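Chains: A, B, C and D, in written order; residue numbering restarts at 1 for each.
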Amino acid sequence: MREAIDSLVPDGSVVSIEGFTHLICFAAGHELIRQRKKDLTLCRLTPDVIADQLAAAGVISGLVFSWLGNPGVGSLHAVRRRIEGSDPRPLHLEEYSHFGMVARYTAGASGLPFFPLRSYAGSDLPAVNPKIVTIQDPYGGQPVYAVPPLNPDVSIVHVQRASAGGDAQIWGIPGCQKESAFAAGRVIVVCEEIVSDEVIRSDPNRTLIPGTIVDAVVEAPGGCHPSYAQGFYDRDNPFYLEWDAISRDTGRLDEWLEEWVYSLDDHAAYREKLGSERWSALSPGDAPSGQVNYGDYS
Amino acid sequence: MSYTPTEMMVVAAARNLAGVRNCFVGIGIPNLACSLAKRSVAPDLELIYESGVVGADPARLPLSIGDPSLVVGARSVTSMFDLFSLYLQRGLIDVAFLGAAQVDRNGSINTTVLGPYEKPDVRLPGSGGAVEIALNADQVFIIVNQSRRTFVEKLDFVTSPGHIGPTTGRGNGPALVVTQLGTFRFVNGEMTLKSLHPGVSREQVFDATGWEMSVDTAVEENEAPTSDELDVLRNLDPNRVYLK
Amino acid sequence: MREAIDSLVPDGSVVSIEGFTHLICFAAGHELIRQRKKDLTLCRLTPDVIADQLAAAGVISGLVFSWLGNPGVGSLHAVRRRIEGSDPRPLHLEEYSHFGMVARYTAGASGLPFFPLRSYAGSDLPAVNPKIVTIQDPYGGQPVYAVPPLNPDVSIVHVQRASAGGDAQIWGIPGCQKESAFAAGRVIVVCEEIVSDEVIRSDPNRTLIPGTIVDAVVEAPGGCHPSYAQGFYDRDNPFYLEWDAISRDTGRLDEWLEEWVYSLDDHAAYREKLGSERWSALSPGDAPSGQVNYGDYS
Amino acid sequence: MSYTPTEMMVVAAARNLAGVRNCFVGIGIPNLACSLAKRSVAPDLELIYESGVVGADPARLPLSIGDPSLVVGARSVTSMFDLFSLYLQRGLIDVAFLGAAQVDRNGSINTTVLGPYEKPDVRLPGSGGAVEIALNADQVFIIVNQSRRTFVEKLDFVTSPGHIGPTTGRGNGPALVVTQLGTFRFVNGEMTLKSLHPGVSREQVFDATGWEMSVDTAVEENEAPTSDELDVLRNLDPNRVYLK
């Protein structure tokens, strides 16, 4: 992880870290903080606790997003301080809706100059974001709206499993991990476990991201904590509740960053510090998918 | 049986889902309303979440829109692109729930900022999927706590439009508003008091509205939550996370 | 199948039967012939042997398509007779490319008035198909092309397994089964096997088509013959080779239709007539997918 | 070792794939060329099929573009929408193979009709994915049997454009043509003889071309297929389905 973040995410990069409630790569976020990256623009539908941490640590100077908050809890206080009071620095916002963001990634991933969608009419969003424009229907119907492609410099994508070559498989909520990866100039795949090529190739329909477009593969079990990885661990809801109090108080927030990020060598240390009791409380039971037969045609 | 104003809101919303098939669910009160409706007036209700989950049947109270318990045992789990394209924009959603920090007489909603956009007094979460939901779901149900702070003459920011005339969407806009005081429908695009919860007066509604609220020719009084409804609800949220 | 085709596919319908080399629903095609449907427009990227049979039987009067031929073998002679010589009747063509057809279904499935794509520049296709138009990039770049939505009256979609409620799962090549289903006004799912809800819900990421949009579910094992169903049976290549000779000769073609379609009650009779030897020659060995764990979070 | 003209074509195509990564493969000769290249000059070659198969490693000779043996053991299998959008139109394809019924001096291709479109003498298959492949693959390799019927001054129909000036695509157009006589590249958009297969004369090429073929300053003679190359090829197609 250290090497991947160091070499693939220079200061000033436009970085997407997606994962819709699921597979949010906190491990990479913490590494960005640990390496004191500067002036990053974070692309993410839902800047949540990870964005609050990056904002508090001074790593990000802008957000491209559609919903910001601590899901199920309330506000991101560090982000709000920066937006409402430029405290300690302003945070540049480029704001869409969820579908607008997904459409931007899709255009970026598809080599399209724009993506059309039936949204935004009557909303004030186009007034505050000139990149949201109307487009004529070439068949003479009502105009619709369009958004431009989003092509991050680098996408960091957490998945359940990947091969050493970067073929990445996801189950549960896929969000827009695939689109954000294909849209990016460089791709870092972070996984719960690295598996053999054979495991990947025994179920090729699950491969959402091919190694072909991947620049680095990092194994970081537990790397989504406090969010979750389907089948591996649950969301740590108490953490989200605790974060509200931490994030309200800049002193506590700085202490938290020091204790849980700066003073730790890597995510393995974070995982260990959380302790086995906490991890086992988050472990789900078994709910196997069952198998299908691809057939041996040799 | 005694009940809280929130329980009354959930029950009123659930009853309005009678016969509905495909419902776009939000976390919290909408989720409780849909779960209650599925166990009462709308057994065929399909719970659809913007996280890409279709036909969820969660084994526990989901705490986020993408809770892992929504996925397990669902009918289908898909990408957000497919969810927004093939379900919402295609017109498959019969009813969608939206919350609001501010709502106006046309059912337009603000969830973006209080104060000016560039330098807000309070930065709110933003649209999420609300603007496309508002425009493309067949009907929108708005659930909101009613006060002069939330029912305002003029929104600080229009996040999601209500009845504002022709749009790029395919839906019919807001159909119902449920608050702790009563329910409202839209007559010629204007929010109109339709029913009052037990013990609530029209004056309470007027006092909690920042404009002159229209009133239906026949305002009904809602039946209090039945013990069956309350049993189901309290089982769904035993720790009263949302049923405060 | 009889009832589904009878009630859901009136004469004159626009019908899509997709399946890209894989999961081509011959069983439904034969039922359309058996019921002597008339004046259908067939939407299909690759009108192949199924289209030749429908054309020869006088079921279809038009094609919306992107490639026609007997894959790996050569021509569709009945289709060619109708196109080249209006023999015995003309066949109306509305012609795209593969991506154009996929984009049309995607627009239809997404409620979009058009879909943009980087194709067609310099091709004569737009000159012979006025529905292929240019569209301006609202951000000032080069114009691209657009195609209109395709919303068939009914889509017939073959899948490996489905629940009685119509939730349909596919593995192997998905083609555009999903998009053609969501684009259609009515959907008939034909499956190799009907399985329990529990099987479907144990692996929800494999469900490409939800029962929500399905009007009829038909179990028709072997229903793709001579094409294939991944893990169930192989493509019957000798049949494709034989078809070339059959289709060249209108007499033989009529005999074939009589023997293999009109004189049989249903697809079960066709399957039986093919014989267990032929079926066992087409049976693949096992290549299991392996399982993933969705986790028990109750 | 003796060899057929088809074997020479396959070998010439394979050698030109040296160092290539992502290749859009057609069935038949292109598939053989790619499989040979992967076993010789391009071990990292990724076989990508328009059917949605990425990184195939088929255990038998595939007889159709969606053969089930392409799926088993592949790296990824995806929808056609994703294949055309995320791979082809995104610009990930380094080389794509196209066949042709007719080709002109700019590398434009006809696979649609012989004769007029509305009442053709021969109805051909049509574009398939060819037009978007021609426009969006970084380089296009055309494989075709050369004669005055296929190398024509004017196409009956332009299915897929060659070097015709700026287009909506992102690719660089045709880079190579391989026939049973030799190979051709494009100089200022004009097809130009680059090499001859052993024993073929320039005159044979001119006789089989419907226009005045340009000739490279230095026309090379291709090396005959080596016994290693022929061994691999004949193992791939033991029944000589394509190696006629």
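Definition applied: a residue touches a chain if its C-beta (ideal position, glycine included) is under 8 Å from a C-beta of that chain, and two chains touch if they have at least 3 such contacts.
Keep in mind the model is a prediction, meaning the values are calculated, not measured.
Chains touching both chain B and chain D: A, C. A separation of 40 Å divides the Cα centre of chain B from that of chain C. Mean C-alpha position of chain A lies 28 Å from that of chain B. Annotation for chain B: residues touching 2 or more other chains are 53, 67-68, 71-73, 77-78, 89, 136, 170. Within chain A, the positions touching two or more other chains are listed as 106, 111-112, 117-118, 142, 144, 172, 174, 178, 202, 205, 230, 234, 284, 287, 294-298. An unclassified topology is adopted by the chain contact network, corresponding to no line, ring, star or complete arrangement. Across the whole structure, chains are in contact as follows: A-B, A-C, A-D, B-C, C-D. Here chain B touches chain C in the complex through residues 21-22, 46, 53-55, 57, 59-60, 67-69, 71-78, 82, 85-86, 89-92, 136, 170, going by the rule given at the top. Put simply, chain B touches chain A in their complex at residues 27-28, 50-53, 63-68, 71-73, 77-81, 84, 88-89, 108, 112, 117, 119-123, 125-132, 135-136, 157-161, 164-170. Residues of chain A that touch chain C in their complex: 111-118, 133-139, 141-142, 144, 146, 148, 160, 169, 171-172, 174, 199, 202-203, 205-206, 230-232, 234, 284-298. Across the interface of their complex, chain B is touched by residues 106, 109-112, 167, 178-179, 182, 200-202, 204-205, 207-208, 210-213, 294-298 of chain C.
The touching residues of chain A, when paired with chain B in their complex, are 20-22, 45-46, 65-69, 71-72, 75, 79-80, 83-84, 95-100, 102-103, 106, 117-125, 128, 142-145, 172-176, 178-179, 228, 230, 234-235, 237, 284, 287.
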